[in-house]
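See the structures that follow.
Okay, so subunit A shows up in both of these, paired with subunit B first and subunit C after.
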Partner chain A sequence: MPETRSRRLPIGGVEGWLLVVIALIVAYLSIATDTFLTLVNVFDILNYSAVNVIFAAGLLVVLIAGGIDISFAVGASVVQYLAVTALGRIGGGDWALGIALSLVLGACLGAINAALIYHFRIISIVVTIATFNLFFGLLMFFTGGVSIYDLPDWLSSRVVLYDVETDLGWAEITLPVLVMVVTVFATWLLLRRTSLGRQLFAMGDNTEGARRLGINLGAMHYLAYGWLGACAGLAGLMQAHYAREVVPNALYGRELEVLAAVVLGGARLGGGRGTLFGAILGLALVSITQNGLNLLGVSPYAFRMIIGFVILVAISLSGETIGLVASRLRGPKAAGSVR
Partner chain B sequence: MMFAMTTRRALMAAAAGLAFAVAGPAFAQDGKKPTIGVVVKIGGIPWFNAMEVGIKKKSEELGVNGFMIGPTSADPALQVRAVEDLIAQGVDVIGVVPNDAQVLEPVLARAMKAGIKVITHESPKQENVDWDFELASVQGFGEAYGKQLAEKMGGKGKYAVFVGSLTVPLHNAWADAAIAYLKKNNPEMELVGDRYGVAEDVDASRRTALDLMRAHPDLKGFLAFGSQGPIGAARAVEERRMGGKIVVLGPFSPGQGRKLVHDGILTGGYMWNPMQAGEVFVTLGKMLIDGKEIKDGMEIEGLGTIHPDMEGKDIIVDQLVNINDETVDKLAEMGL
Partner chain C sequence: MSAEPQTAPDGRDLIRLEHVSKRFGGVQALDDVAFDVKPGEVLCLAGENGCGKSTLIKVISGVHKPETGAVMRFDGAPMDDLTPARARALGIQVIWQDLALFPEMSVAENIAFEKNLGARLRLVDYGAMRREAAAILDRLGVDIDLDAPVKSLSIARRQLVAIARALVAKARLVFMDEPTASLSRAETKALLRIVRRLSEADIAVVFVSHRLAEVLDVSSRVTVLRDGRLVGTYPTRGMTQTKLTELMTGRTFGQEVHAPRTRSGTPVLAVEGLTRAGEYRDVSLAVMPGEIVGLIGRLGAGRTELALSLFGMTRPDAGTIRLEGRPLRMGSNRDAIAAGIGYVSEDRLSLGLVQPQSIGDNTVVTVLDRLVDDFGLLSPKKRRDLVADWIDRLKVKIGHPDDPVSTLSGGNQQRIVLAKWMATGPKLLILDSPTVGVDVGARAGIFEIVRELAAGGVAILLISDETPEVYFNADRIWHMRDGRLIEEFVPAETTLAAVEEAVHA
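And now, the complex of A and B:
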């Protein structure tokens, strides 16, 4: 978007500062441990962050469009259950069918949110708190909290795309990483290379202005929430794939973790601003810190304290935040013009 | 976001308070089936599903209305709210498997004041209870694991310990016992880091196990106390293609871990039967409702002969079940 591109840095301020903080942490960990900067460890971080990144890509679209969604993680659990049960009924299925089914089911759940938000004019956070409880409640009610351990073979066997044996053991890139890359790329295309993406930004930044320009707000709502739903469905499938079981509350609580990371990466709650790069950096900061603490052998009793501290440092360093606070003090109208 | 959450919480607390005021005296009703509500750590995981089966089965047998409440996450605050709800409903017995012993103390005191019998499980020395029962003694359970870990690791090498959360008293007490045993009897075995509070979450256990194998390439064993910990650690070991080279021990749900045990990745462990624990909740609750006194040397179904600690209000027995390649299928068939 022009407003972020025209800054001094080639990337936005938040992303720049996050990058600096991450670089510092990486530099420190590379010196302090002899295992951090190894292929195996880097691949490990990629493998276990993949599901969160897929969630984050979808959530970013909704945040840019000016909404918020906290139902997506439990939505993903619902998709896991429905997809695995349906596939079991028809005799197993395969990857193509599994992915298609997850995308469609996820998008349908997203569409429910979009319909409630757009047609009934209810604030998105209220709707998604309600659907969060509704989805999870329905899931618990119908499954009775029973997990599924018997997944189809194609879903539960590990798919290793690239592996190499190093001194430290096998370094592997697994399927979730590929799915993550594809999802991020598709989301980037949507947001940055299509007019639909521009319309999403416009709606998030100034809904009334977007309406007067003739942007179809209803369609945009379905697009944003449907996209997140589809991403969540895919993330759910990937989580079931590597966990090799479907547990109804496995993803419960993931929504706040992802939301915090995406906002940390510079997406504005309120719409119109946010980048994929920032969202990924936000997640990377938390994942790398956690990983580093384990490698350093820091006492787990101190984990949360340190992660909270790192997030605070990253946010305070960003000039964007300081500017934001200053402009907020001057009033909402002034804040609009600064950006 | 946070504002909305706190508002919601405040509203719910207010609603619960209102319900309490209205329904408070209802527990004195006569002629109705006695009710027993059991609040567990978290709903929807196999361990507590099995416990629920036990509660239901025994309740039917004894003619009481027994049910289980499973919070959506292992959060002590959710348990407090669930207990408050049970007080408001006026149940006769409240059973709890605490996430955090201390957080629950005040609300359990309130339950007792309202004339409700309180039973806890997996929380020895809990304050404000009529009785706490354990199907395994802390010492016995922890040492059994320490012994097996030493045996499988050949008495030397590095190992890591997971617990459900750093504030679960029982998991930490087991870990203490196991670590103390190993320190004393196998000085060549070395504990890596402090203990990690990830074992109620399969993803977190897997991630932490991967990190630890990375940090300590010569790691030879995982000891995970918490139902998801052994599974998560075993998945990580499988991913690193270290099956059989790294020992993974811990109490887990046999149905969930069956395949991993047969593949030789999950070494095994000891457990007690959560279904049996569910039954004991009801048996013990019914005895308390009927005013039966708990005495030394008496026999209780599901517990065997008991020697209760009258001061600490603990009933501790050792009813360990070994999970291994041979027993896992049988245990899994029980729905565990």
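And now, the complex of A and C:
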């Protein structure tokens, strides 16, 4: 049997590389702009990114369990609409009711995905592309694409948890950041510290092995997709709070942004591997780049192109790829189709 | 068949099965089988693929339900309505051939994963897991880094992890499905030492295999199944691989060494001083037309690495390869195929065949360019004819050429791989472990084809871990160790024992 020799460099895993790349970008932006490294801007990035991090925590659970979900972002839009409409009917509600409703509605949408994937044995990407279209289509059809601007007061008024006055104005940390911290902690607890989380890892790592150990694969599907659904519901509520409006297509397309960032952070498509820290770093890289482009005055039309490029570069900079490139450069002998 | 079926000896049975039958649709997988294991006994369960071994394990481990009328007792108590969980609770553990481990997880967590099971939400106690895993490994007398991910371990060590995991669950009866299939001789010996320890601790072990030579001496009895029926249970004292093969297949195989043939002319393959750093050094050998040259050695001796270079997959650092006298420079295996070299890979299942594709497509994939019509499009008729021709010549038992390859047995899959390369009309065919996972009965058929090819003038380089099959089929044998060819044997002039001694010394 030919030995598989690891080309990994001594420097740590994906997280280490992401930290290096992020540090380089931060260093550049700190020098190139005088607004990047200010409390106002850093808090802005945090407030803005909270929704994506909540999405990412949920998506990571599904990826680790060996699945994928494309529908969660439009699912979050559906939850926004249903929750805000329902709360309006009963006279407004409050934070507790809003959060509970969003979690439950989101988990229900996730359960629909889980049921289709597990009971009908359809692969997850196909199911969730279908439900992505279904959720979004239903939403557009029943709302006629009309936004809701008339939110309950508790939802539309900014909740500031911490603020400090600086030369550039008030720097504020708002509620979504707290919700993000709680979600990340709860997800960490689930994945690393509970028996069910370890079973999720096991299922993603070796499905047949998990089945033979008697792990309830159906329950694991409901747990993973339900968890993502609940996170997405919560993220939807936070996004409505942050934007102070509910726009049916506001989150459309967010799923790929989050997916790319989580995979960039080392989660394996196929399951069994991934860390919250990596996922957060992946998102941080994208958010910081986007923020930096803004501050540098780059045309917003160029954002997607540049972010796509940054993701490609960052993924290529993982230890394995560098080893490969180095061995190619060492001698043309090893190039081409020769291994 | 000189060994008489042995009547059950007196003494307590750990498990006793009678009248166990199992049907799947129209297929009778098990037919009135009886089976028993004593506490702490080491037993072999032997039979060819499809004989019912796996079905029997699955019945005992609660995966399949036997037909009514079966009598199954564990420790004297009836085992009715067995489920996998109940079987495990009784102490019945199966170590499947694929081990069913979690490669990304640590050794400790794999061993103690039982602690994570169950539908109740609990906090994970990694400390307790580590302690438990360490205690079990200590009991087994092996030393494995508890924090290493399982994917970083060799197959032999993964197997130890799987055994350790079985012991966590207080095993009393452990089935090992083909445990030695991918182990070297030394690793097998280490495994057998562990099995003896288990046996001394009153844990019964059942080896399930069709390659039993090395486990015969640790076990007391061997139970043989054929076509779903019990052939008999025999004491292993006096049992030989040959006798066992006869019991398993119901046929006798005459094996004799090739008569030495002198050959002249230009060698098909002539290698001079071939070297690739870290893989093989200063290799010089020649294969004449129609000659079968064996290449034996331990795992890691560099045989597969050499084969990959001869097939253009890796580039040697130094030395020359000549094909029919002309120097050969290969940029990739496409050049090798064009020059007339075929390679049947060691890992047939993943590398040699495109499993979900049809038998026909797999057969013609190497010669697609020859099957085009005047317009440069694939000609269905040419394809059909070629496939039919090869299936006929190789005597492959198939349903329909459009069925996926994955529906064929191991032996027939290997024939398809051979057909694929023979269709290219190779001058040199490199066979890397062609009988891995192939039944004893089907092996003979494969070598019949190989000899026929050689008789037709194809030069054959045969790599195998099974010294006997090389000894009985090759004209000459090279022994490779640590990347060098160290000695040459001619089977007609030496004994099998002498060759085996040299390899495993």
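We take it that the second predicted complex is superposed on the first by the 299 of 339 C-alpha atoms of A that agree within 3 Å, B and C clash if a C-alpha of one lies under 4 Å from a C-alpha of the other, contacts with A are read in each partner's own complex, and residues count from 1 in each chain.
We adopt the following convention: a contact is a pair of C-beta atoms (placed from the backbone, for glycine too) under 8 Å apart; a residue touches a chain by one contact, two chains touch by 3 or more.
Being a predicted model, the structure only gives us computed values, none of them experimental.
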| item | value |
| --- | --- |
| First (subunit B), second (subunit C), both or neither touched by A:I117 | neither |
| Which of subunit B and subunit C A:F201 touches, first, second, both or neither | second |
| When both partners are placed on the shared chain, which of subunit B and subunit C touches more of subunit A | B |
| Touching partner for A:I129 - first (subunit B), second (subunit C), both, neither | first |
| Touched partner set for A:R158, first subunit B, second subunit C, both or neither | first |
| Which of subunit B and subunit C A:V21 touches, first, second, both or neither | neither |
| Partner chain(s) touched by A:R192 [first = subunit B, second = subunit C, both, neither] | second |
| Subunit A - residues contacting subunit C, complex | 1-3, 192-199, 201-202, 205-206, 208-210, 212-216, 219, 272-273, 333-334, 336-339 |
| Parts of subunit A lying in touch with subunit B, wherever the complex brings them together | 33, 35, 38, 40-41, 44, 48, 68, 70, 125, 129, 136, 140, 143-147, 149, 158, 167-170, 172, 239, 242-245, 247-250, 252-253, 259, 269, 290-291, 294-301 |
| Touch list for subunit C against partner subunit A, complex | 84-85, 88, 94, 96, 98-105, 109, 113-124, 182, 299-300, 304-305, 308, 312-315, 331-334, 346 |
| Complex contact set, residues of subunit B against subunit A | 1, 4, 8, 42-46, 48-49, 70, 72-73, 166, 192-198, 202-203, 206-208, 210-215, 217, 235, 239-242, 255-256, 258-259 |
